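One structure is given here, and the rest of the page talks about it.
Labels for the chains are A, B and C, by order of writing; each one numbers its residues from 1.
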Amino acid sequence: MIPFILRRLLVAIPTILALIVFSFLLMDFAPGSPFATERGVPPEVLANLEAKYGLDKSLIERMGIYIWNVVTQFDFGPSFKFTDRTVNELIAQGFPVTLTYGFWSFVVAVAVGVTLGVMAAVFQNSWLDYLAVGVTVGAQVLPNFVMAPILVIIFTLWLGWLPGGGWQGGQIEYLVMPVIALSTSYMASIARITRSSMLEVLNAGFIRTARAKGLPMRRVVMRHALKPAMMPVISYLGPAFVGMITGSVVVDVFFSTGGIGQFFVNSALARDYSVIMGITILVGMLTVFFNLLVDILYAWIDPKIRY
Amino acid sequence: MAQGSTVEAVVEAGEMRAAKGRSLWADARARFFRNKAAVASLVVLVLVVLFATFGQTVAQWSNEEIDWSLLGNVPQAGGPSLANGHYFGVDETGRDLYARTVQGTRISLAVGIVGALISVVVGTSYGAVAGYVGGRTDGAMMRFVDLMMSIPYMFVLILLLVVFNRSIVMLFLGIGLISWLDMARIARGQTLSIKNKEFVEAAIATGVSTPVIIFRHIVPNLLGVVVVYATLLVPQMIIFESFISFLGLGVQEPNTSWGALINAGADNLRNGTPWMLAFPLSFFIVTLFALFFLGDGLRDALDPKDR
Amino acid sequence: MKRRTLLSLTTATALAATPLLAADPPEDADLADTQTFSYRMLDQFPTLDPALNEETAGFHAIRQLFEGLVTQDSSGNLRPGVATDWSSEDNTTWTFTLRDDATWSNGDPVTAEDFVWAWKRAADPATASPYAWYIELSSIENAADIVAGDADPDTLGVEAVDEQTLRVTLDQPLPYFPAMTSYATFMPVHQETVEEHGSDWTDPRNMVSNGAYTLDEVSLNEFWRASKNPEYWGAEDVVIEEVTGYVINDVNQALTRWESDEYDMLEPLPAGSFPRLKEQYPEAAHSVPRLCSYYYALNQREDAIPELKDPRVRKALSYAIDRDVIVEQLLQGGQSPAYFFTHEATADFQEPQVEYAEWSQQERDARAKELMDEAGVDSLNLKLIYNTSESHKQIATVVSQMWKQKLGVETTLENMEWSTYLDVRKAGNFDVARSAWCGDYNEASTFLQILTTENEQNDGRYSNTEVDELMAESRTSDNPQELYTQIEELLAEDMAIIPVYHYANTFLLDTAVKGFPMQNVENNWYVKDFYRVADE
């Protein structure tokens, strides 16, 4: 197990480096400048700005300095647009927000998804199954940028139950709609995966034996079927969590939550190179970390797997 | 087993494998056609494709023509009407929504199909080669897939579309770039399980070269799994494109896509023009529903015991 | 000094009428118990450092937190800020007298030295302000050399004669110099705070400001909040206790939240929604002129397609655009059709006699076809670029259809996001480019100068020596308005650009909030002028 983790961490290092180099080159290649404005900046002012941010150095030099700072001090440098902030400060502000609603969306998606999936499988071909399948497919295909405005119209404008946006430190009423908007499609995927894997397990010999012994269905499912049926769900959790972090783009735009999604899109549009790089690297690291976590979880649940 | 294939099996008694394969497909077909939801979905999809292909012939307007008589009072007069030839109403600039939906359907289907195709071609070959060759090559190839999977692709795609002038080619490229990874993993797993089968060993014994074995013997045997996975990929690609359009990074005007149309419709949610959202969203949802059920049906038919 | 009404206010005598300096609710007004004001912001402002600010969202906030020498009243005229009066004999040397009761939020007095330090800081290359060019534009002595790094920032032509007197020396006469000082770049900053905290000085815990409000909190991409500054010299006339700006990126979402009473002011409104909202909220929906002009730049560079260098083709393209359709059927927000460049509401501007403005659209269309025939153009394919935005897209769609149907001109629409668009436009990789220009100050020259040959913003590279000469002449002329009108007529004759419409600012403002400067065409509002009445 330990060597496996070490090996995976070793792969992560070139991955992150490749990501840095790739984004760096992409940024260098991009048309448009972080300092461009409608009025146009006189060349001498531009020169001052480029000097301030070290853009007057060569590409290799800049990349070297950047990687050095990231590796040695975890310092992503100053933001080009948010002139009085560093990238680390911006991430420190946006990332906890994204993580918070990402985490709750994850919990909701897994809890509701697994429950729905198990119910649908246990009562296969009943009205409950059809309803669950219908609801999950529906939830999977309704784009969240359509769902978000509808949620606000219903819960804020008509019912007046929830604030239409904002974060306010993550109070519960500010969390509800972002979590619904973000978790729904993942919840649906998890339900579908759970259902089909549960069906498979329920048809397996050992479950039939258990049923034949007269064990109640409820016990069979909880004691025997659930664990093996969770395997495919677990392998989906890594991509799902990362999807929820990147999905924060929509949540931030609609609910003004101030997470990293908004920072990323705005920075990409404004060519705020250092912020783009910082967020890309951070999310890249998170992706590596989660894939690793899922693999460990997988091995823990099913000791047969050898690495 | 259908009678036709039995007769043929007798005729071609010498080729055991071929006969077996055929009956397997026939079996699958029979199972598929027993699944009502899947058959209905297939019909729906055929209709959608026909709509995309021939829909324009019954349109009375092109997708870019403005109906000047409606511009300025779209909410009052722009609704669906047979009298003025706008079967689905008009969009906010007075363009025929029917023609635009036809055209958007083309783009969205193309995105889905091309994305899935890239995934099938690249992913399958990659996975088959890795799985068949094995050893260090396999290790290196799969580490590369791990590496690619650690890239927050949503962010990278946003970057690509922002940096390079957006075009449909870029969209295909971006989508293709990420869609093959899962497929490669699946194909590799399947390859591992069939590479020790007799027919492969027979081929090796008769001195067939490795590339021929992979593409003549391995790949055709992966098709079942690949087809199932591809049908599930198409809706994912379509959803993906809609997200890109939501960010304003989709296709250029006057072209459009479901995502762009839905987004415009959602923007006009409060303007008293429900048809702008209803028509494209219905097409989107119905098609995705159909694709999901078709995928389920195919999976049950082709892969009865496995997930 | 007698040149412009705007500038007539720059003399001390004009101040005898005592312009309104703060909120002025009528005696019988029934004021609300909680005096707050909140508004929507499209995007997070990147900085609150006045010297570094370069965009509107930041300026809206900075205007509440800091106070420059002068401010603008509800009609956009100048009124005293930190300076109580200002004068100049020759429009070259300006003397500002500062009020003696102006203080920073920590109690320190605001002195002339604070301005000197702030202005030098803004011009200093070490500060690397993206708006340093504004100091250059103001023609302060040595500004250009300092920004270029060729002179010491201390050589800037501004000095503190004593604590309450600031003297500014310009390179050339600039009658509207005081008006320029109302912008953020010329606002004072607190030297000790900046030196102590470096770039963190704008943090709410550190910031020391001299405006009517002090910063409480900034939650990026979410909101910012400020509350009344008790140290402000005019504090007793400030009614609103708390200002909040909410970042709401999606405009439709913003509208839903406004309708749910979550905040007071939404600006601008979703494209095309004004008529519906005006009907639904007749008291809250407003449309006021805004000093910006929307136009299509036509590429006339060396390497541009030859057809566009022919004024007849340019005119035909312009004539074929039915501006009434765009303004009345598409935008529907009180914008006005433009047949010349300068916004019609610009102070003292005399509208030029442009003949095609008088024609009917049928006449224009007919003339457009004739011109295309005269020019011998039978097929033309134009690349029209615009930056991603719903209304730019709609206008481009409509215009391209007008050209196609009336003139047979094909148009390829290319939408790109802001940074790329600026790059492409600057490089001249377009035939037609959607553009807009907002006045830096309320005077026609702010528009017209960008069509002079050497101007940075002249992306189409239109060039007419006569226009250049007239512009140069207007700087020292006694009657520049006449020259401006003449220039407009020349521009129309050449069809240097295609004017499309003159902006209006559409917004929703809670009916309880009073005191909003409806006549301020630069959209500069000061919350200290507002007050809130109790809901009926």
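FYI, a contact is a pair of C-beta atoms (placed from the backbone, for glycine too) under 8 Å apart; a residue touches a chain by one contact, two chains touch by 3 or more.
Which protein is which chain? UniProt says A = Oligopeptide transport system permease protein; B = Oligopeptide transport system permease protein OppC; C = Oligopeptide transport system substrate-binding protein.
None of these values were measured; they are calculated from a predicted model.
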item	value
By mean Cα position, the chain sitting nearest the middle	A
Which of A-C and B-C has more C-beta contact pairs	A-C
Inter-centroid spacing, chain B versus chain A (mean Cα positions, whole Å)	24
Between chain B and chain C, centroid-to-centroid distance (C-alpha), Å	48
Cα-centroid distance, chain A relative to chain C, in whole angstrom	40
Where chain B touches two or more other chains at once, by residue number	162, 266, 269-270
Residues of chain A touching at least two other chains	30-31, 149, 153, 269
For chain C, residues that touch 2 or more chains besides their own	252, 256, 417, 420
Complex contact set, residues of chain B against chain C	64-66, 68, 71-73, 75, 92-93, 95, 162, 165-166, 248-249, 252-254, 266-267, 269-272
Residues on chain B engaged by chain A in the complex (per definition of touch)	143, 146-147, 149-152, 154-156, 158-160, 162-163, 235, 239, 242-243, 246-247, 259, 262-263, 266, 269-270, 277, 281, 284-285, 288-289, 292-293, 299, 305-307
Residue ranges of chain C touching chain B (in the complex, touch as defined)	252, 255-256, 270-273, 276, 325, 328-330, 332, 388, 390, 393-394, 396-398, 400-401, 413-417, 420
Residues of chain A defined as touching chain C within the complex	30-42, 44-45, 47-49, 51-52, 78-79, 81-85, 90, 93-94, 148-149, 152-153, 156-157, 160, 163-167, 252-259, 262-263, 266, 269-271
Contact footprint of chain B on chain A as seen in their complex	8, 11-12, 14-16, 18-19, 22-23, 26-27, 29-31, 137-138, 140-143, 145-146, 149-150, 153, 185, 196-197, 200, 232, 242-243, 245-247, 249-250, 264-265, 268-269, 276, 279-280, 283-284, 287-288, 291
